[in-house]
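Here is the structure we will look at.
Order of writing sets the chain letters: A, B, C and D. Residues in each chain are counted from 1.
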Amino acid sequence: MTLAQDKASPSARNARTPGHQASLIVQGADATGIVSALTSVLSGHGANIVSLDQYSDNPQGGAFFQRTVFTLDALQAALPALRADLDEHLVRRYGLTCTLRDLSVPKRMAIFASKSDHCLLDLLWRHRQGQLPVSIPMVISNHPDVAEEVRSFGIPFLHVPSTGPDKSAAEAEHLRLLKDNVDFVVLARYMQILSGDFIEKAGVPIINIHHSFLPAFIGAGPYAKAKERGVKLVGATAHYVTEDLDEGPIIEQDVVRVSHADTAAELARRGADVERAVLSRAVLWHAEDRVIRNGNHTIVFA
Amino acid sequence: MTLAQDKASPSARNARTPGHQASLIVQGADATGIVSALTSVLSGHGANIVSLDQYSDNPQGGAFFQRTVFTLDALQAALPALRADLDEHLVRRYGLTCTLRDLSVPKRMAIFASKSDHCLLDLLWRHRQGQLPVSIPMVISNHPDVAEEVRSFGIPFLHVPSTGPDKSAAEAEHLRLLKDNVDFVVLARYMQILSGDFIEKAGVPIINIHHSFLPAFIGAGPYAKAKERGVKLVGATAHYVTEDLDEGPIIEQDVVRVSHADTAAELARRGADVERAVLSRAVLWHAEDRVIRNGNHTIVFA
Amino acid sequence: MTLAQDKASPSARNARTPGHQASLIVQGADATGIVSALTSVLSGHGANIVSLDQYSDNPQGGAFFQRTVFTLDALQAALPALRADLDEHLVRRYGLTCTLRDLSVPKRMAIFASKSDHCLLDLLWRHRQGQLPVSIPMVISNHPDVAEEVRSFGIPFLHVPSTGPDKSAAEAEHLRLLKDNVDFVVLARYMQILSGDFIEKAGVPIINIHHSFLPAFIGAGPYAKAKERGVKLVGATAHYVTEDLDEGPIIEQDVVRVSHADTAAELARRGADVERAVLSRAVLWHAEDRVIRNGNHTIVFA
Amino acid sequence: MTLAQDKASPSARNARTPGHQASLIVQGADATGIVSALTSVLSGHGANIVSLDQYSDNPQGGAFFQRTVFTLDALQAALPALRADLDEHLVRRYGLTCTLRDLSVPKRMAIFASKSDHCLLDLLWRHRQGQLPVSIPMVISNHPDVAEEVRSFGIPFLHVPSTGPDKSAAEAEHLRLLKDNVDFVVLARYMQILSGDFIEKAGVPIINIHHSFLPAFIGAGPYAKAKERGVKLVGATAHYVTEDLDEGPIIEQDVVRVSHADTAAELARRGADVERAVLSRAVLWHAEDRVIRNGNHTIVFA
């Protein structure tokens, strides 16, 4: 109990995504001089580096990953020239991949949900608090249950039924809705398997939350399987979706302690708290360009 | 991503508060034969013990605490006779205190809030999910900000302004609203200090969530103090309210890791997740009669 | 930095295993009146119950598990009559299994090790501190590396080489050494698979520490597999050994956070801290009769 | 249980401190172009950056902290010229502080201990495993109890008694032993208060482990105080020692869950596991130049 209210959200928002900041992700084969070349380019344009994270998976000839956040006055106007310089000094000279993004422009995130609302609600609430630097153009569900809740946050809700084994009509509708409208998709306990065809045509990263500590308990019913095996912790895993069910690159994981006295339903209840926490962290990090995919692995500069 | 939806809430609810269960809390000076006397009484009435937790703070002459949950057919009809037997065999013979309660009757919980909604929303959402065996007759706030949100859960919201140093008018209104309507009160980040007079007249347990790992950072502005001290973890503490600010019996605590890079606002954001988790656990345990007060300590049979 | 040294170990030892305490483990089909019958028997012998934990996996016709610790003067002399009474009132009447043990007699624990010493050393150190109520009649290893360290603790070390696919000679020697000398065996990162024949003939519980969060990464090289999969946590699992590799009943598990920057060797280093912590807890709980096996599950009254 | 032994330590050692690596710590007032100037200097000498961590406590005119690890052939021969260049381009131009160190030369760590051996033993064991890149020229204790244990690791043990209120003779002996022989001192549950005079004359960083989650329970007997307050977690804090008892900059903290059933002695036992873990992490990070002091705060690039 305290006398004065902490006012966390506005300044937290500002601290994380001030107006004139940009992120630059660089990855490729490591070589002597990359960091120097990169910082010279930024310095030449008057950029001030705010944070810099770097990782090389092997000092002798490995892969190189760097996330740089910098401030630059008149950022939007300066981007084309900066891109050209990066292209010349990093892409063409070192064969690196460079991704430059204005952090004041939030990524557009579509959410897919089913009947469970714990992950969905946590994302909507954090978004409203200013904790997630994204816009949410739509929530899509194969059930109407969460419609009212979603709309109470001022977010459009779209019901796309998906019954029977043939998902092609639903997926076609999904693609029509997503096309050019979103930068990434989050499956917030969406209980339908996406086809490889859909994943490819969607063409944006898709983040899923799986309700187990992968690779334990792949597939359906992980809490029932966890009860059956008698584990003492249950967990959750946020990962990028690939064609192989529950096999994509892991972004974040966490666990919670359970006991012999917990039923499978109780494991699900305890696990739900971990699911929403893990998914929220993964979404935040993805939104802030803190996650770099490297084959089936992720580099997370959290 | 899975094929079939786990259906956690209905069975979880049943598992935790089935219709014909009762809880019996016994505490007092330890003596040989108490457990035997107690189980004989229950057995004599045909009760079947579902769970039993017992703690003695000193095998030689200490204090004794026991929580027993049992099933009994026609429970409501059987309670008077059972109470009489407990009175004869435990209260009068051993000087113990016995508290018997029909678990199918939910405790009535009033929530006090201010502007922050993270703890409030988490309680309302868990209640709607069937995770908290309570009824919520009212939410009272000194600000109107959360009114709409509370009412969207179908819960009455009451705005009782409280400005200036004299809280007596507001507290009188609080007492009028609470009188005979609630079994306990939860301060879900309520940013007003309660007077000792109010606490006494309210006459029900009051649970507060303090946004630090007590006894560190007592009083106002704990996240700013935590930043100032340079701690590497921030925490939250749920405790029963007493006249001494932040000094009451602790029910539950937890922490989360932070770093030098986190601003005080970021500490508040990370801490908010711990606050809601800690408060929800404390409320659940209190609602299920799992917390026994012993002076300034608690026995928690979680 | 403090002025006076806390003196933890002697009183901790006493607190956990005072001279005249006994444990009673009861398990079987649940029925109304068991707890009452059990406490009546104890009360009739003048026993004072110090702690009591009970679990029923289903209030309607499930299995019942109870651990009771009690004090009784002249315990050794009283045990035969107490056993006879338990046999009459619980075993024959309710078909329950009763295991009664004088807690002042430590269980005899043999440790099997290989080259790694982190789990072994932690057990030997905790034993010397008085934290583990066991005696350690021998440490057996297939390598001589840890001999000097073991003997510095005053514990006999026995080198039983085990090379080649045929383990029968080594296992015969193991059985000869263990016979009638030990109450349970701990595999403290023992890198040999035990045959089903050995497990059966040994006839005592065998606890293993597996260096992953089972059921993830069963079998050899779990840290390399964890690195390959890109997990964000690594774990360890203590379990009873059965014929099926890494499939026995789980006693305890825990995890630690890792990052993309950790090599497989670094995962092993971080995991080693979890392994020793998990194994030490499992051994303590087994030594204090806190673990009850139920098929492939465990009930842990920790 | 696995078929092949993981061989963690040798490669872990190499991974952390390969032969030709150096660390460069830079701190001071932030300014545009620092990172670029710094990387240009390194690049000009043919250094290859292995890892780079950077933190600025305020993008507008705050303080700047950077840790860079790089490889450079013929490192020892190259250091003087590199130092001169850093002096010209960073120290004189930007007013920064630069600390350059050959990581193949381990820091020399003296350990002070009293009777408790859990923190001491953990450091000695990790050092033997190759997990701590330090040399240990001496262990000093005010009691002879741990002498044999220390010497079994091949480390010199020195007994310097310190009784009575006047510590000046003992401290003079400490200073004589430490002079020019050590780079930092670790108080591994050393139960004597160091005078401000000693701290100043020692002239090297001193790391202490306090057995509470600071700032809770400052001073003597924290576990007894924790029991008295009824906390649900106990913790430990590693910090640099200053004249103000338990007030120095915090390096690392952690906690463990406890319950009402734990005595103060049991809290001490559980806390001891946290103490050794926290101290080991703090020592590792200090040894690898991952900790930068900033007033009463630390920047930890872990």
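Keep this in mind: a contact is a pair of C-beta atoms (placed from the backbone, for glycine too) under 8 Å apart; a residue touches a chain by one contact, two chains touch by 3 or more.
Chain labels with UniProt names: A, B, C, D = Formyltetrahydrofolate deformylase.
Keep in mind that what you see is a predicted model, and the values were worked out from it rather than measured.
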Longest centre-to-centre distance from chain C, chain (CA-based): A
Which of B-D and C-D has more C-beta pairs touching across its chains: C-D
Whole-Å separation of chain centres (CA-atom averages), chain C against chain D: 35
Where chain B and chain D are represented by their mean Cα positions, the distance between them in whole Å: 42
Multi-partner residues of chain D (each touching 2 or more other chains): 51, 55, 261
Partner chain C, residues of chain D touching it in the complex: 1-9, 11-12, 15, 51, 114-116, 118, 121, 125, 129, 131, 152, 187, 190-194, 208, 210-211, 219-224, 241, 245-246, 261, 263-266, 268-269, 272-273, 277
Interface residues, chain C side, partner chain A - complex: 55, 213-217, 229-233, 235, 249-255, 259-261, 296-300
Chain A - residues contacting chain D, complex: 18, 30, 32-33, 35-37, 39-40, 42-43, 46-56, 59, 71
